[in-house]
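There are two complexes below, and they share chain A, which is joined by chain B in the first and by chain C in the second.
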Partner chain A sequence: MAAVDDAQQPDSRLSKTNRERLVSAGRHAALLVWSFVVLFPLYWIVSMSLKPPTAAISLPPDWIFLPTVYNYIQLLQQSSFVYAFFNSVFMVSASVILVLLIGVPAAYVLSRYDIPKQRDVLVWILSSRMLPPVAVIIPFFVIFRALNLYDTRIGMIFMYITINISLVVWVMKAFFDGIPETLEEAARVDGATRFQAFRKVILPAAKPGIFSVAIISFIFAWIELLFSLVLTNNNAVTVTMQVYQFIGVRQIEWGMLAAATTATIIPVVIFVIAVNRYLAAGLSFGVVIKE
Partner chain B sequence: MAKIDLDTVTKRFGSGGDAVVAVDDVSLEIEDGEFVVFVGPSGSGKSTLLRIVAGLERQTEGDVVIGDTIVNELGPRARDIAMVFQNYALYPNMTVEENMAFGLKMSTDLSDDEIETRVRETAEKMGIGRLLDNTPGEMSGGQQQRVALGRAIVRNPDVFLMDEPLSNLDAKLRTEMRTEINRLQNELDVTTLYVTHDQTEAMTMGDRLVVLNYGELQQVGTPLECFYRPKNRFVAGFLGSPSMNFFEGQTEGGTLRLDGFDFDLTREMQSAAGSRNELVLGIRPEDAKIHDTPRSSHELEAEVDVVEPMGSISYVYLRATEQEGDRTFIVETDGQRAITEGQSVYVEIPDDDVHLFDDEDGETIHQRKLGEDAEVELEGQT
Partner chain C sequence: MSTPTQTTSQGPSGLARLRELWNAYLPYWFITPMVLVMLLITIFPGAYDLYLSLVKYQLTDPTTIGQFNGLANYERVFTSGGAINSFVITITFVAGALALETGIGFVLAALVTGVKSDRMKTFYRIAFIIPMAVAPVSLATIGRIMLNTEIGIIPFLIQQFTPFVAPNFLSDVPLLTVILVDTWNWTPFMFIIFYAGMSSVPKTLLEASKVDGAPLWRRYVHVIIPYMKPVLFVAILIRLIDLFRTFGLVFSLTSGGPGTATELVSINIFQTGFTFVDLGGAAAIAIVYLVGIVALCNILIIKVGFEGVWD
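Take a look at the complex of A and B:
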C-alpha cells in the first residue's frame, strides 16, 4: 500500500501544481481583459486627440499614425476654453477647501458631542442629495437669479458645496467614529484644549479620510455639467461646458473634443497623485482594540 | 505630588427615571504618594471614578480635591495629572519621541532642548530609547504599553491615573509590567490611582484597595485586610482565586443547617450571629481540607465532580453527598495527591477559617481567625 502511495504522490503533486498554474493563468487573463475594458476608452480618447482632424474618425482606425499636437494648439488658441479651464480649477478647488472647512468640523461635532436629534440632523444633511438634480434645477435657477448669484463664481462655489457637503459630513463622521475617543482624552490630560486635541491629534489621524473625501468632492464638482449649463452663461462657465460645446448640432469636432477631454482629465490625475500618499490604508490608531 | 480627596461624589448618567447611577456617594481620602487600586467587576463604577478624578467626566454631586484645590470646575489640562489608558491611546501620527514630548509642549514652558533631554532620559529608563523614532503602528503591544507609561512619567505630574493598563498584554508580559509599575511607583513616589478588574493585580500592586460594586464603596483597606477581613460577602467573594465558597443556611439552636450538611457554630459565632436566622457560611478553597476518612466533627461527605490540576496544587470541585441542589464547591489540595472524579471524600471545614455573613445584607458578622503574626500586622494596618 505504501509503495502505491509513494508512486502516486509525485503525480498528484504535479497535477496540483498544474492546477494552481492554470488558475493563476486564468486569473491573469481575466485581469488583462478587464484592464483592456477599462483602459481602452482612455487610450482611444488620448490617441484620437493626437491624430490630425481627418484621421480622427477614419474607419478602420489608423492604429499607427504620426502623433500631432495640432488639436491641442487649436484648443489653447480658443480663449474661451482656457478661461473656462482655469475658472473650473479655481471654483472647484475653492469649493473643496470650503466644503472641508465646513464639513469636517461638522462631522467631528456630530461624532463626538451629544447633540439633540443628531440622527435627524444627519438625514437632513443627506436630504440635499435625495432628489435628482434635474428636479431641483429650476428652483435653484430662481433662487440664483433672486440672489444675484446667476453666472457668478461664488454662486457655482456654493453649488459645488451643496453637492458635496453631505458626502463630506457622512464619510467623515464615520471616520471620526472609528477614531478612539481616548486619543483626544489623552491629549486633554496631556494639557491640550479640546480644540488643540482636535487639531493636533484627531485631524492628523483623520488625514486619509479627509484626502479621500477631498478627491471625491473634487471629481464630483469637476465633472458637474447640468448645474453649470443652467446656472452659468459667460462669467462662470466651466470646463465641462466647453467640452460639451464641441458637440455641435450639425457636426462633432472629434479631434478637439478628444483633446479637450484629455486636458480635462489632467487636473484630476495630478490631484490624485499629489494626495495619494495620504491615502495609505491600514493606518493604526496607536491603540489596541480590546477583544 | 498631591493628596486627593473625594467628598460624597456621585455620578449619574442620564436624567429622571432613566438615570443610571455609576458612582454612588463615594468619599475617600488618598494620601500623598499612595498607590491606591480601584477594583471591582465591570460596571462597578471604578473607571468612572477615575475619569472623574481626571476631569474627563464631571460628577453630578460632590467635590474632588487635588492637593488643596477643589478641581470640580477645572478641565483635565489644569489638574496636573497623567493618565495611562487601557488601549494606550498613543497619537498615531507622532513618533514615540513626539508622543512623549507632546504633554511637555502643551503643559510646560520648557525649551525644546530641555524637552528632548527629559524625553530621552525617561525613554532610557523605560527601555524604549531605541524606539524613539518609531510610530505606534510599528510597535508591539508591550512596547506601546511602555511608551504609554513613559509618556505619563516624563510629565512628572502630581498624580498618575491608570485605567486597566495591563489588560491587553499577554500573561507573561502582564506579570513583568506589574512588577515594573510597582517599582516605578516606589521610585517616583507619585500618588497613583490604578483601576483594574483583576484581583491578582489588585492584591499585588496597591498600598490600599478600594473595592467597588454597583458604584458603591464596599471596602477600603490594605490588600491583606480586604482579603482576610472582608467587610461583606461581595468583598470576600471578589478577592481570592478561586473565590470563597458560600453556603446559605438557617440557624437552629447552635447549628447552621446547610444544604447537605450541618455546621455546629462555635460559641463565638453564635454570639456574633445574635438573633439572625439566615446566615451564609464562607470558606476559602485553600482553607478546607480533603480527607479519605472521617476525622473531625466539622466535616461533610462529598463526591468529587471535577479535578483541575494546576501543577503544585489541584482544584477539586465537590458536591455534598446529601445535598438537594446541584451546586458544587471548590477545595484546593496538594497537586501530588491522587484524587479521581466520582471518588467519595470527607471535607473538613475548620471553624477557625470560617466567615459568617448576614444572608440579607451580606455584611460580615464573624471573621476567621488568623495566626498571631498576621493579627498583629493587620492591627498595625488598621
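Take a look at the complex of A and C:
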C-alpha cells in the first residue's frame, strides 16, 4: 500500500510536530557536519601558524596552547614575501579598476543598443573564459619577451584583465537590463547628455552590480598562480607565487608555511564574508540578480 | 575626458565640438576598448597557438625556430608524450568534481533553504562560502600539511578513531584526493548560486504543491528543479568551463604526479612548453584542448542554453 505513506494519516506513528522536529534535527546534523568539513582545515592552518615550531607538528596535537606570533615575525623578515604581498594587492586592484573601466561601458551599450548578432557577440565574449589560461599564456609568453613586458606589473595587470573581462560584461549587462530605460529618457528630457545620463543616473542604479563584479574579479585575480609562474621572475612576483615557492623550500619550516598560507587567505575570507550578499549575482554571470 | 592643449587654445568652441563628438558617438567609444581587448585575448592567442603548433619552436634548438613543420608537432606529442593520457585524466577529474560539487551544492542549498531560524541560516550561508576565498595554492599547502603521512592530522585521526589504515592520500589515491580537495574548494560556488535560485522560487508555487500532498522528491523534480533550470544550467556551465581551466591546485598539490597520475592537460601543456621548452609541441596540445572545450561549450550553449533556458 504505497499510497498510504502520507504524513497526514491519522494513525501515523509520529505526530506532526514530532516529525517536524526530527526532520529539523536531521537537517541541522547534516549542515553541522558540512560546517565542520569546511571550517576545520581553516582552523587547523590558523592554529598551526600560531604555535611554536615544535608544537606545530606534534601528534596528537596540542589542542590547547599558548599562541605566539613567532611564525609571523619570521615571515615578515622574508622581505620577498612582504614585497610580493603588496605587489599582488597593487596589481590586482589596478586590474579590477581597469577591467571595470573597459567592461562596464561596453555592457551598457550591449544592454541598450541594437547590436547586430548580439547573441554571437555575447557568446564570443564568454568564449574568452573558455580558453584555458595555459593555452593563452604560450603566445603571451613569446610576445611579452619580445615587447619587454616579461616580469613587469603592466604585463600582469593586462593578464588579470583577460580573466575577468567576460565576467564584467555579462554581469553588468544583466544589471543594466534590469534598469528601466525610462530612467535615462527622463534625464535626457531634463537636458542631460547621453554621457551625463549614464554617469549620473544609470551608474548609481547599477552600484550593487559593480560592487559584486569588482569583488569577484578581485578574488579570481588574487588566487591566480599560472600567470605569475610563467610571466614573472622578481619584479612582478605575486603572493600566490611566493606561497608556491615556500612549498618547495620551506617544507621543514611548517609554522612559517602555515603563517604565509594564513596571510593569503584571511584578507580574502574577510572580504567574502563582508560582501556575501552580492556574490551570487556575479558568480552566476548575472542569471540570479537578487538573492 | 582629457583635452589636448591645441584644442583648448581654440577656445570653448573646440571643447564643445569635442564634447559633441563624444556624445554623438558614445556607444562606439564605450564598446571599442572592450572589442579591442577581446580581439587581443581571443583571436590573437588562438591564431598564434595555431602558428606555433605548425612550426618548430624548441628553445633548446634556436637555429630551427620558426621553420615550418607541418603536423609533426601534433604527431610527436600525441604519439610519444603523455598528452592522450592527460586528456583521459582531465575528463575523469572534471566529471568527478562536477558531479560531486553539483550534488553536494544542491543538497546543501535545499537544506539551508529549509532552516527556520534566521541566525542559523546566516551562519550556514556564510560558513559554506568561505572555501571559495582560499586560493588553490594556499589550499594545496593546507592539503600537504593535513594529509602528510608523518605530521598530517587526517591520517592521524583515521588511525586513531577508525579501524582502517590511513592511505597515503597523495600517492595511493592521488586523483581521488585532488577531486575531493577541489570539491572542498568549489562546492561553495554551486551552493551560493543554487541557494539564490531556490530563494527565488515563488512561495505560492511551493505551497500549491504541498496542498496537493506531493511527496518531497516530487516537489523537487516537478516544481523546484524546472523552475531553477536557468540557474542550474548556468552554474553547471560556468563550473564546467572553470574545471577545464584547473591548474594551480593540482600543480601545487601533486605537480601532476606521482608519475602522471594527476597530470591534467593544463599541466601537460605547461610541462611540455616550459619545462621541456618545446613551445611548438605545447601549442599543438593547446590547440586540440582549446578547440575541444570551445566546441563542447558552444554546443551546450546553443542546444540547451538557447533552446529553453535563456529564451
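FYI, the second predicted complex is superposed on the first by the 247 of 291 C-alpha atoms of A that agree within 3 Å, B and C clash if a C-alpha of one lies under 4 Å from a C-alpha of the other, contacts with A are read in each partner's own complex, and residues count from 1 in each chain.
One rule holds in what follows: a contact is a pair of C-beta atoms (placed from the backbone, for glycine too) under 8 Å apart; a residue touches a chain by one contact, two chains touch by 3 or more.
The structure presented is a predicted model; accordingly, all values stated were derived computationally and were not measured.
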| item | value |
| --- | --- |
| Touched partner set for A:193, first chain B, second chain C, both or neither | both |
| If touched residues of chain A are counted for chain B and for chain C, the larger one | C |
| Partner chain(s) touched by A:204 [first = chain B, second = chain C, both, neither] | first |
| Touched partner set for A:213, first chain B, second chain C, both or neither | neither |
| Contacts of A:224 with chain B and chain C, given as first, second, both or neither | second |
| Touched partner set for A:256, first chain B, second chain C, both or neither | neither |
| Chain B versus chain C as contact partner of A:269, first or second or both or neither | second |
| Which superposed partner A:182 touches (first chain B, second chain C, both, neither) | first |
| Interface residues of chain A shared between complexes with chain B and chain C | 193, 283-285, 287-288, 290 |
| Contact set on chain C toward chain A in their complex | 19, 22-23, 26-27, 29-31, 33-35, 37-38, 41-42, 44-46, 48-49, 52, 104, 107-108, 111-112, 114-116, 120, 123-138, 140-142, 144-146, 151, 153, 156, 160, 184, 189, 192-193, 195-197, 199-200, 213, 215, 230-231, 234-235, 238, 241-242, 244-245, 247-248, 251-252, 265-266, 269-270, 273-274, 279, 282-283, 286-287, 289-290, 293-294, 297-298, 301, 306 |
| Interfacial residue positions of chain A with respect to chain B in the complex | 180, 182-183, 185-193, 196, 200-201, 204-205, 207, 283-290 |
| Complex contacts: residues of chain B adjacent to chain A | 54-56, 75-77, 81-83, 85-94, 99, 102-103, 106-108, 135-137, 141, 144, 151, 155, 161, 167-168 |
| Residues of chain A touching chain C in the complex | 5-6, 8, 24, 27-28, 30-31, 34-35, 37-39, 41-42, 44-45, 48, 57, 59-61, 101-103, 105-106, 108-110, 112-113, 119, 123-136, 138-143, 161-162, 165, 169, 193-195, 198, 219, 222-226, 229-230, 240, 243-244, 246-247, 254, 257-258, 260-261, 264-265, 268-269, 271-273, 276, 279-281, 283-285, 287-288, 290-291 |
